[in-house]
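Next come two complexes built around chain A: one with chain B, the other with chain C.
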Partner chain A sequence: MILRHAFRSLGRNRVRSLVTLLGVASLLFLVSLLVSILGGFEMASHTDGSERRLITSNEVSLTFPMPVSYWEKIRAVPHVVEVCPSSWFGGKPNGSDRQEDFFAQFFTDPDALLRVLTEIQVPPEQAQAWKEDRQGALVSDKLARRYGWKLGDRLPLVGDIYPMTAELNIRAIYAGGEEALYFHHAYVDEAMGRPGIVGTYVILLDDPANLSSVAESVDALFADSDAATKTQTEKAFQAGFASMMGNVVGLITQISLVIGMTILITAANTMAMAVRERTTELAVLRAIGFPPGRVLRLILTESVLLTSLAAFIGIGGFALITWLIFGVGEFRLPMVWFPLMLPPRMGLLLSLAAIAVGLLAGLVPGLLAARRPVVDGLRRA
Partner chain B sequence: MTSPAGETLIEVRDLRKTYKRGDTPIPVLNGLSLRVARGEFLALMGPSGSGKTTLLNLMAGLDRPTSGSVRVGDTELGDLSEGGLAKWRARHVGFIFQFYNLIPVLTAFENVELPLQLTSLSGKERHDHVRTALDVVGLGDRAKHFPRQLSGGQEQRVAIARAIVTDPDLIVADEPTGDLDATSAAEVLTLLERLNAEFQKTIVMVTHDPRAAARAHAEMHLDKGVLTAERS
Partner chain C sequence: MALPLKVNLRGLLRRRTATLLTVAGMSLMVMIFAIAWSLDAGLRSVFAIGGSPDILIVLRDGASAETTSFVPRDDEPIITSQPGIALDPASGEPIASAEAVTIINQARRGGAGGTANVIVRGLGPQGFSLRPQFRIVEGREIHPGLNEVVAARAMAQRFQGCGLGETLRVRKTDFTVVGLFEAEGSPYESEVWADKTDLAAATGRDGSSIVLLRVPEEIDRARVKAAIEGDARLSCDVKPQQEYFAKQTESAMPLAMLGGMLTFFLSVGACFAAANTMHAAVLARAKEIGTLRALGFSRLSVMACYVLESVVLSLGAGVVGLLLAALVLALRPGYTGTSNWTTFSEVAFRLRLTADVVLTVMVTSVIIGVLGGLFPAWRAARKPIVEALRA
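So, the complex of A and B:
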């Protein structure tokens, strides 16, 4: 009965309820978007196998390279199983200017890469073909599906950072791991006149327990050189990459908090107005014997119903739309290298947060109504 | 002053109520005493500000006196906590207001059912009680109507059904005909008479209307917080 009463009460002022509902739903949609971006960063740094990997970059910045001579020196550090030079290429497929065509591209050492990326699966004959073709490219199955690439296809990558066009042949397609394209370090090295530089080194260790000690050992090796290094876990590296993009994570968190406050204020304002308009009605309920707690429960139910409906529309709508676009359609957003999906656990957490905000929004007006002397309420009639 | 002889349901002793407007005390009831017999139909009359509604509220356990006591049946209302008073009202008092005060988003049936939500009755028992109450007020066929779909007289009859659905000892009515046309007012008064005569409900009614007061068994007149006259 309380639920029915609360539900119908939302329909008293339909315009106000609808505006509040849509407003809160839109804000929750936005929070879902931001949270899914945060989740994407997190997911991107959690590839299988990353728990045994370190990334070494120039201490100054990711944009500063390191000498290729570090490769062998790092390999000699105890507990290091393999080291793979990996440099960001930043090219455009077929010279495309579309931002949607942004995806991760690295030039690397094929043998080392296949050993450090333990999570990817490449058919052996394709792996061999890639290794043997200096212009060969290894691409993820997701990328191949997105662009309709097949083995043997020709792919010109027009460099943004490097003044060259990499004329690549698709030689291998891998499953698992992140969406990316890899090609030969030697090819770029030769095309650029053997500059002998590397963007990052990916280091595979024998045991995750050695991550910290190996990171310290590697950085100690080059501490006094012109290109001192910074070695961190893959997760920390990804977070650093995100922070390089203007501390996106922190910004998103702060925006989400502001949106949360806005939802709270919007819902609380609506509930305050709704309760004020029904002062006499609530006093009548008290007069006929409804205890204060039951009146409070009625208002809290109404408030939670409002934010729950908004959560259903905003969060549910976001989950449905992203599933249709990114799940079924495998569409990608410009400059976003991970699928934009709201994990079910986050959807549930956001919904619970919406319910909590509903409770908070109804609490003050509910308590005021429940505690108001009955005769004061009746006098308003 | 006392009511006619008979078993006393309400006993009011030396009742005082003072409100405060800022720092200024406003005395409303000044040492008022009375008794209302069980089964009585009493009209409280008097000019505006005489304290009628305040007295009614105190007898119904809606407000607390500044001093003095109100006993209804075996219950000394001053001894009850807020929660206790709410339970007592739910069990023993039916309320009828001038402006009906039905919940607009609930049907006539659901409005009448409201007080029964505070009981342990089953759904079927609640349904039967509501049906009976609506039949008593002659609105059995309007159960699914919302208040906006009813006339003023019908709304007040639904309010009366809500007041009697728990079979209370006491019905308090504050200007129950004040917002009705003459015909509807007459119907409501006839209904109150019937509740008093057939169902032995004790009714205390505040009214300005002498014609309404004339339908009661007894009248008490208040002025400036004291009883000035009575008819029995």
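So, the complex of A and C:
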């Protein structure tokens, strides 16, 4: 009964309800967008299979390498299943230095890589072709789709860090995992005159329970050497990359809170106007025996209905649009290396927040209306 | 066209609660995008004042940043002996600085936690004199050979080990911070500077990352560039220093995107908020509108008045929003940082509420007011006189 009444009340001043609804919905759309950027950061620092992996890098920073001799030494540590040398190449595809053409490129050991990256799927004959071609490259299916690469295509990567151009042949395409390109460590090592250096080692363990003990034993191995190491979980390693964006997380959280406040003010304004307009009517309700609590409930329901509808349009609309864009096509924003998707959990949380804001917005006008003496309200006609 | 503007302005004041609530809501939205644009403006200004027009930077061929560049020691004399490079009047040596740039992973200060890449630059006396903006603000300059560093004041605030008297570890060597410097807001304010020989001993790296050359004459600059790039013994790129920094403004792209996104959606929200209030105003003043029309004011005048009323509302919100943004900036005067995607290190900058930002915000406010007021104003003007008077 109350819900029907609330619907009717909203329908009374259609323009106002619609304008408020769309205003709040556009703000909720924006908050969804912001939250999905945050969600993307979280997703970017978590891939399937990463829970059993450690990453070892030079203690000083990623720009300092480690000797290739660490490979065998780390492999001998108990609980280590496989170790894969993996170094950042940072080349420009076809010499293009546009920011959009920035993607992850690593030179690595093919056999070890395929064992360590448990989450990717490569057709066996392609994997074989990649291993056999010294200049072969393994690429993510998303990258291949974006650039229209096919097996056998040539791809020159002009080195930014290394003074060489890697002339690569696309030999294999993988599904799953993160967007990246992998090629042979041996190829770069030879072209650079065999310096025998490695940027990071990716370590696969037998059991996630051993992560911290193995990390400690690895770092202890090299503590006194020229290149001391820092071993951390893959998740922590990638979170470190995400934190390079600075305090984006804090910024977005603060912005979202302020937007929440503006929604509260907007909705409260509308409810105050609606209540003022209906002073007499509400007094009549009281006069025919409605208790004050019921009048309050009526107004709160109307307010919550308003913000819930706005949440449905704003948050639901965002989810639909992103699903259409990212679910079907391969659309990428420059510098954003993950698809923008609103995690369902966050969508739910936002909707709950919208309902809470609706309750708050209706509270003051509702209490005023419920407390107003009946006679006073009737006289205001 | 006669405009009964007074009626509208009084109307705003009469419906005080609604007007105040609307302005409050809208000004919060304005504040957010004003701050977002200040972030963008702050980061851009860092790179805009980075370079000097008469300085050339020599990088390894293909390297897009100092941090990925390498110039072998044997190449340095070939580069610095080019004719056209300014000479030091005292020593007769060319004014050139071969510098080594190292990235170290350093823990942040404060609650945010985590680590970020910090640039440590090794340079000699020429390097300091090539940056006239460099100024020690606390402590003293470094003495070579003692493993001392000076840190930018912004770095001292943001990173552990960078404060005056603290120690910064580069591989196995501890460097003492003996001074803090400022550099007029240039990208150097995101760095720590050490003596070149001390740093090379610590990193075990010979050679340099880049060479800076002062070439006062424009014709000479073109000649030096051609000579170095064409020399078969070298594989180097030569760029004007300003161009080098301009390229890095691309790091501001995510912030500009954020600013654009926030502005668009918040403006839509603010439009609706204005429309809501204006709609209520039109409803409440039906009789008044009818009277004005009966007195002979045209539909267009009535419409223009209500649009203007809406613009006054949104301009009010614009001013309050800017004041709020200025207040937020004044309360949090410190540095913020973001990743410089070219050098893979963190760049520190201040938020700047520049004239451009103020202008953008005010223009956006006017647009919000016009768009938000248009529909209610049209409804007001369209109403038949008799019906309006009877309401």
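Rule of thumb we're sticking to: the second predicted complex is superposed on the first by the 307 of 381 C-alpha atoms of A that agree within 3 Å, B and C clash if a C-alpha of one lies under 4 Å from a C-alpha of the other, contacts with A are read in each partner's own complex, and residues count from 1 in each chain.
Here, contacts are C-beta pairs under 8 Å (C-beta built on N, C-alpha and C of every residue); 3 or more make two chains touch, one makes a residue touch a chain.
Here the structure is a predicted model, which is why all the values come from computation and not from measurement.
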Superposition-derived comparison: chain B or chain C, residues of chain A touched: C
First (chain B), second (chain C), both or neither touched by A:G316: neither
First (chain B), second (chain C), both or neither touched by A:G176: neither
Contacts of A:V374 with chain B and chain C, given as first, second, both or neither: first
Which of chain B and chain C A:S61 touches, first, second, both or neither: second
Touched partner set for A:L285, first chain B, second chain C, both or neither: first
Which of chain B and chain C A:G11 touches, first, second, both or neither: first
Common ground on chain A, meaning residues reached by chain C in one complex and by chain B in the other: none
Interfacial residue positions of chain B with respect to chain A in the complex: 57, 60, 62-63, 82-83, 86-87, 89-91, 95, 97-99, 101, 103-106, 110, 113-115, 117-118, 162
In the complex, chain A residues that touch chain B: 1, 4-5, 8-9, 11-12, 280-281, 284-292, 294, 373-375, 378, 381
Chain C partner contacts - residues on chain A that touch it in the complex: 13, 15-16, 19-20, 22-24, 26-27, 29-30, 33, 59-64, 90, 97, 99, 102, 158-161, 163, 226, 228, 230, 239-240, 243-248, 250, 255, 258-259, 261-262, 265-266, 268-270, 272-273, 333-336
Interfacial residue positions of chain C with respect to chain A in the complex: 17-18, 21-22, 24-26, 28-29, 31-32, 36, 60-65, 67-68, 70, 102-105, 112, 114-117, 170-171, 203-204, 235, 250, 253-254, 257, 261-262, 265-266, 268-269, 271-273, 275-277, 279-280, 283, 336-339, 341, 344, 346
